[in-house]
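As structure tokens, the structure follows; a few thoughts come after it.
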Amino acid sequence: MPHWTALVTVLAVLFYFYTGVRVLPARRKYNVLAPAISGNPDFERVFRVQMNTLEWMPIFLPLLWLFAVYVGDRSAAVLGLIWIAGRIYYMVSYSQAADRRGPGFSVQALVCGVLAIGALAGIVTQIAHGG
Amino acid sequence: MPHWTALVTVLAVLFYFYTGVRVLPARRKYNVLAPAISGNPDFERVFRVQMNTLEWMPIFLPLLWLFAVYVGDRSAAVLGLIWIAGRIYYMVSYSQAADRRGPGFSVQALVCGVLAIGALAGIVTQIAHGG
Amino acid sequence: MPHWTALVTVLAVLFYFYTGVRVLPARRKYNVLAPAISGNPDFERVFRVQMNTLEWMPIFLPLLWLFAVYVGDRSAAVLGLIWIAGRIYYMVSYSQAADRRGPGFSVQALVCGVLAIGALAGIVTQIAHGG
């Protein structure tokens, strides 16, 4: 088992969980009661951080694990930590203003690009060698 | 392979699928036509059950499998069944009224907490022992 | 490792990523600024394609991999390719009109049904044989 990737996976899941935890006090603060998810831009930005992180989980997690298996555990774990850092920066800056969400988003997207290219190269190499 | 965890995974996926199946008749009943997802609180509660279950899938499934690998198959499967039971209770009670969604939600969240702590302890132990 | 399933997984993730990429120009074209996700039916259809694909990722990916492990790598990969094809047809037709989204949706749902039945049969067989 790629232990370091497993560890970073738990950290990424806990971070994602935290983006959802933030929605409940935002509901109270901006008076947007469940099941509504719109009505106040300040609430919607907090909600969209959770949603956007959710949207990227099925990109990040499969690519992270394929990279860990086909390239390496420790390099996957380091890339995973950079992804989490980009996500934290995205969360903090998007919560301030919608037009500040770019840099953090780009970092985490770039990490997923590297994971995809590495995984793809590793898989194709294995198939080509009849592995 | 942790067969019991695999079995519970299929059950959890089928349950999650069912939360989405319920949205279609709710669209007809409350006259909320696709692509709209708001406009009637009764529809929105049915839709939010699906969405909230979706939001928790990237928390539940990775933690369930890391727990299965690092702690044990059968204990993971039992926790997975409790998670599904909490989710079913959440679905039934949230569909009745938004303020009844608490207990079922807490059960499934608690299960994820136990899965996270178990997985984390197992991973750290393996890394510490140079596993 | 089931290499062909790994390859199809990367393709499915890249396709899903693309359904999200389409949302940004749609925001500009139909003037729906972030964090809003509604206000224009043409935008909402593009957004719903991404959301619906997201909703199915936690169904498709776990079943695909359980099928690959318990039934076979190459049959899983072929079914995965049919799923992607159904999803592409769904994306193109839903973007044109909401009532055209049926056929592509049915194809991808049918594939998930086959994956579920195959995985379930394989898992139960293994447990019954004390595997």
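Going in written order, the chains are labelled A, B and C, and every chain counts its residues from 1.
In this section, a residue touches a chain if its C-beta (ideal position, glycine included) is under 8 Å from a C-beta of that chain, and two chains touch if they have at least 3 such contacts.
Quick caveat, the model's predicted, so the values are computed rather than measured.
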{"item": "Homomeric contact subunit A-subunit C: same or different residue positions, threshold half", "value": "different"}
{"item": "Between subunit A and its twin subunit B, rotation from the CA superposition, multiple of 5 degrees", "value": "120"}
{"item": "Chain centre separation (subunit A, subunit C; CA means) in Å", "value": "19"}
{"item": "Overlap residues in subunit C, where contacts from two or more other chains coincide", "value": "38, 54, 58"}
{"item": "Residues of subunit B that touch subunit C when the two form their complex", "value": "1, 3-4, 6-7, 9-10, 13-14, 16-17, 20, 33-38, 50, 54, 57-58, 61"}
{"item": "Touch list for subunit B against partner subunit A, complex", "value": "38, 41, 44-45, 47-48, 54-55, 58-59, 62-63, 66, 69-70, 98, 101, 112, 116, 119-120, 123-124, 126-127, 131"}
